[in-house]
Amino acid sequence: MAGNGFGQIFRFTTWGESHGPAIGCVVEGVPPRIPLAEADIQPWLDKRRPGSSRFTTQRQESDKVQILSGVFEGQTTGAPVSLLIANQDARSKDYDAIKDQFRPGHADFTYWTKYGIRDYRGGGRASARETASRVAAGAIARKILGNKISVRGALVQMGPHEIDRKRWDWKAVDENPFFCPDAATANKWESFLDGVRKAGSSTGAVIEIVASGVPAGLGEPIYDKLDADLAKAMMSINAVKGVEIGDGMGVAALSGETDADEMRMKGGKVVFLSNHAGGILGGISTGQDVVARFAVKPTSSILTPLKSVDKSGKEVEVSTKGRHDPCVGIRAVPVGEAMMAVVLADHLLRHRAMGG
Amino acid sequence: MAGNGFGQIFRFTTWGESHGPAIGCVVEGVPPRIPLAEADIQPWLDKRRPGSSRFTTQRQESDKVQILSGVFEGQTTGAPVSLLIANQDARSKDYDAIKDQFRPGHADFTYWTKYGIRDYRGGGRASARETASRVAAGAIARKILGNKISVRGALVQMGPHEIDRKRWDWKAVDENPFFCPDAATANKWESFLDGVRKAGSSTGAVIEIVASGVPAGLGEPIYDKLDADLAKAMMSINAVKGVEIGDGMGVAALSGETDADEMRMKGGKVVFLSNHAGGILGGISTGQDVVARFAVKPTSSILTPLKSVDKSGKEVEVSTKGRHDPCVGIRAVPVGEAMMAVVLADHLLRHRAMGG
Amino acid sequence: MAGNGFGQIFRFTTWGESHGPAIGCVVEGVPPRIPLAEADIQPWLDKRRPGSSRFTTQRQESDKVQILSGVFEGQTTGAPVSLLIANQDARSKDYDAIKDQFRPGHADFTYWTKYGIRDYRGGGRASARETASRVAAGAIARKILGNKISVRGALVQMGPHEIDRKRWDWKAVDENPFFCPDAATANKWESFLDGVRKAGSSTGAVIEIVASGVPAGLGEPIYDKLDADLAKAMMSINAVKGVEIGDGMGVAALSGETDADEMRMKGGKVVFLSNHAGGILGGISTGQDVVARFAVKPTSSILTPLKSVDKSGKEVEVSTKGRHDPCVGIRAVPVGEAMMAVVLADHLLRHRAMGG
Amino acid sequence: MAGNGFGQIFRFTTWGESHGPAIGCVVEGVPPRIPLAEADIQPWLDKRRPGSSRFTTQRQESDKVQILSGVFEGQTTGAPVSLLIANQDARSKDYDAIKDQFRPGHADFTYWTKYGIRDYRGGGRASARETASRVAAGAIARKILGNKISVRGALVQMGPHEIDRKRWDWKAVDENPFFCPDAATANKWESFLDGVRKAGSSTGAVIEIVASGVPAGLGEPIYDKLDADLAKAMMSINAVKGVEIGDGMGVAALSGETDADEMRMKGGKVVFLSNHAGGILGGISTGQDVVARFAVKPTSSILTPLKSVDKSGKEVEVSTKGRHDPCVGIRAVPVGEAMMAVVLADHLLRHRAMGG
């Protein structure tokens, strides 16, 4: 109810602030007898970890995850899995300057208005640091999904620069610091983002998450449609302002003839001749790739002074000099993957409950 | 859990199929002593009702709502409000032709795969007829929001044709059959949609919902952010494939300087100099207009024959000759308003629980 | 959240007041392809129906149930099943006398204090008439449990008079108007209750519900233990003040040696040599009979004038002359069975979700 | 859904096993700006702590609680409060003997059957050690309830020996190792329990929890009645087999005249002349003391060998030689208090949401 958890059967609840002693989450609904160790989770955290290239914040966090419960002799027991990640490089005094100011584009003003108190250090609870817990939970979700279902993400637009989809290559994603599936565009982004970074500015981005091998039948209409839960999952990520499934906002311009995914039989199975629907019809997976996209706004922490006010109602100019991501969308890729994984794991178990 | 309800404190659960005896919903969490009668709900249902112009399905439904509980001597009692809407014009035999076929773009294939049984009459549970219940629940939500909060919607794009935002006029919305806020564009849409309709085709649309007067402080981070719940709410509407808050997908192309909404004091209050954020920061309302947009795909029921398969695995051609909306997005306007209203009402009560 | 529903996966939400047009419920989480018709539900409602003997209220209600959704061609579809029971014999004016008074032992004072408004006719939402919806939902739960699991209830104490457990005979239950499993005691109760009834008084009772054939493994520790959910289910029934599992309150007086249920192997299976635990250990079913008991207080509506106050703070004497059950515990038997069935059905589906 | 949490708005989720590195919980729905420190929680944990007298287990645990989140500069922030308690005296090898055996009365057999895996060390997840997390959450709940609402518990029966209620003295509770409100009976219990302990046996108990100062109006009928939630809360505690509100199971023997709590006006307020109802009518608090009682079965770990089986289906004799509570009911007193506090805090916030 207080909004710190996600999922129905596979459910995780996160806690912790950017500059507190630690962050973490409790993962419930993990079926028993699944092999699980820290080593299954750590690689995904490393992918999201700050400080891994000059294009992400220089905050240094090892993000080592610790399993505190729910695993016995290398296997899950059906009990909740408690995960803890210690905070290390928390320079709280960096934030003294803005403790009474509301940074534009940040949650400072709204948290203050809602709660009447605000942990201003590094954004407190509103910090994107919370997404490390999502990635950890997502790693467990992947274990539930098994090897037949893969969840992969990529950056498909940075600022005004989109990739060329004809050059899409999943292998390229791991070979540049942007998770870009198009090597040629990755090169362009490098110089673009260097410019943004040096100017003390920031840029937005679009991330695409693709789940392959998802069986048909996942999703609980009417309100817990698979796409409705994905929309909530993605929109809940920091700085996200738009979510699309399949053709997304673009469907508005289509006619019924162009939008429909026709069907044929192939090897005794139903196949679709296109995937405008992004693998979901009526809120239920079709068996095609599930495709979700989301837009991340430019990091609000920039060098340029912006007009704002402080807690006492005084008008001020705010400029952020600390360590920040020039394109926070990059590190949103593993977060988006995690959210796709947790939604699918939850719906897999929900479907199973009803005999699916 | 089974996905037929929405909301936490203000929660409604819907039931019913397109061609069953009735549809309806149970609305829980309605505070006591709110004046409520059928007459408070009916106008919103009339707005969504089919058969009101040549641009919507010709199915004739009076959509008269009946309050069965929770109201005593003209006031709510705190008990659940049960609402019932009888189905009248349910020509089930129209659907005999497609009872064994999967219509492309529809939920036929996925419902069949998930449940192993399908009420094929008019789409059964997957029919947009279900949205009447949403509108009814939304009318009650509006009573909770009170007069200071208004929720209004408009069609801002039909097919490839967008409105001119400079001509936005809320009054125009009620003066054309498209809920279009730009009279000049409405005229263009009329001939465009006549063409679509006569061709037996269909078209997509974009709907924008604006809530004014929303107090700052609504929304429960991290996972029940106001925008996350709005995203789920809108994506759960039939045929929706994309949801945006504020600048939406467009934020990807922005820089931090252009995206930030600066703040100043005015009359002792914090005011924002722009609203790129759509009235939500960190998942919490800012006090500005809350702005959500969603794209509705073109009606999948079209005259043009499409390739498909049937339950026995035979390849078939499917063409739909029945009564259908050439642009189902039009009637999605009051539905989107209702979903905005229910999300806000729920969060108003949730905020109040925590002392807000 | 507002408390009108019960269950997680198998979940039903009830609505309606004693003297409104109808009562009913929406049942979600019913797996698809289960044969279901009104005739599967009606017999259980008939068992609870008022007016069936001189020992229950003389209000005449046929309690005919109507299925409004979720069933197609005789089978469930996975969509919510909406059930409606019309109110017929609602003599509202009988209640004019007490519209401003708080009847001792009833919910009049608390509803008024909580909500500031009260549907006083027949107890409104607080009336035991609501339990008809539970019984209807329970009938669907039984269909999910299947034939291998039986749920039976009996009255084991009326006023100070307990049954003799050595004479327990399930067949006797259907052969007397008290659901008493001991024919000899039933005879005694008949004259006892005649005395109570003629004196305008009332009496309490204890009901025992036994579920046989329940597989080991149902229950979700820690907080959704099978016995915790049963305790909530039974305590939520009108007028219930105590709930016991197995030896219940009596375990306090036992030693570890006498309380433990020892185990042996029999035909390759684990068998227990006693059932002090009532079929539940650590919140999980053991495979033995699940045994729950609950105490129902004497009907608060009695002829004897009792001291009370009215809405204006005036001291009054209240005496109830209308139609009432001298021992409301009798009709609680089918209600208790229904609550056992819904808890088991929910946990069966929950267990299945986790791979059980 | 997986059952590790309790509450709707004020909600806590626990994790951890008896012999893992730590246990803990995440507490959500804590309103902002409440002063909170470890020192507010520790005294309640100390009250429950093992090893405090010869009548409780000799396992030595300091049970020091650590707040990891949700508190900033001494006040709650509205963010989840994560609490961690390290396990110290975890002699896992004590349990090697029973790793393959099912101890009668314990959850060994059911966990094994349900999950197919079992952390056998000290009962793993099923250990009463989990209740430390409840007590910690309860301490936060007390801060929400404030000083006007007090929650106190006492042991009122040990084995067959009940207290004399005429001698009830709350001060006595803190002056004997049994939380007994009747000093004379406490003396008797001392020799009784010494006998039990030396015989390697164990005994059951009844605990009574009384909340004073609870405002009228708390509780959400129909299914989330205050008493229904209390029943679930208490029954979810390890080894509890019965729960009573007010007169409890005893109401069965009463007549309507004796059971009814009559009302009169006093100083402009409604007062009740008795409290058979235990402060709850129609599931809503009346303003009187809320009184709940529960029975705890005798510790199943006893010296006497009992018949059982092991994982391979071999018949064995099990006798427990480790450190154990001869009357586990004693340490259930602070646990019962905590559960009363969390139920009340949750309902206080739920009531506030609806305008109460």
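We just call them A, B, C and D in the order they show up, numbering each chain from 1.
The definition used in the following text is that contacts are C-beta pairs under 8 Å (C-beta built on N, C-alpha and C of every residue); 3 or more make two chains touch, one makes a residue touch a chain.
Small disclaimer: the values here were computed from a predicted structure and weren't measured.
K.L.:
Consider the two chain pairs B-C and C-D; indicate the one with the greater count of contacting C-beta pairs.
P.N.:
Between B-C and C-D, contacts are more numerous in C-D.
K.L.:
Centre to centre, using CA atoms, which chain is the farthest one from chain C?
P.N.:
Centre of mass proxy via C-alpha means gives A as farthest from chain C.
K.L.:
Would you mind pulling out the distance in Å between where the CA atoms of chain B average out and where those of chain D do?
P.N.:
The separation of the two C-alpha centroids amounts to 46 Å.
K.L.:
Measuring centre to centre with CA averages, how many angstrom lie between chain C and chain D?
P.N.:
One centre to the other, that is 26 Å.
K.L.:
Report the inter-chain centroid distance for chain B and chain C in whole angstrom, where each centroid is the mean of the CA atoms.
P.N.:
One centre to the other, that is 39 Å.
K.L.:
If you look at chain D, which of its residues touch at least two other chains?
P.N.:
Residues 1-5, 8-9, 14, 29, 32, 78, 114, 125, 350, 354.
K.L.:
Pick one for the touching-chains graph, please: line, ring, star, complete, other.
P.N.:
Topology of the interface graph: complete, with all chain pairs in contact.
K.L.:
In their shared complex, at which residues does chain D touch chain B?
P.N.:
1, 9, 29, 31-32, 78, 349-350, 352-355
K.L.:
For a test of understanding, state which residues of chain A touch chain B in their complex under the given definition.
P.N.:
Listed in rising order, the residues of chain A that touch chain B are 1-6, 8-9, 14, 102, 104-107, 109-111, 113-114, 125-126, 130, 157-160, 196, 201-206, 216-225, 227-236, 238, 240-257, 259-265, 268, 270, 273, 276-278, 280-287, 293, 295-302, 304, 306-309, 313-315, 329, 350-351, 354, 356.
K.L.:
Please output the residues of chain A touching chain D within their complex, sorted ascending.
P.N.:
Listed in rising order, the residues of chain A that touch chain D are 1-5, 8-9, 11, 13-17, 20-24, 26, 28-29, 32-33, 68-70, 72, 75-82, 114-119, 124-125.
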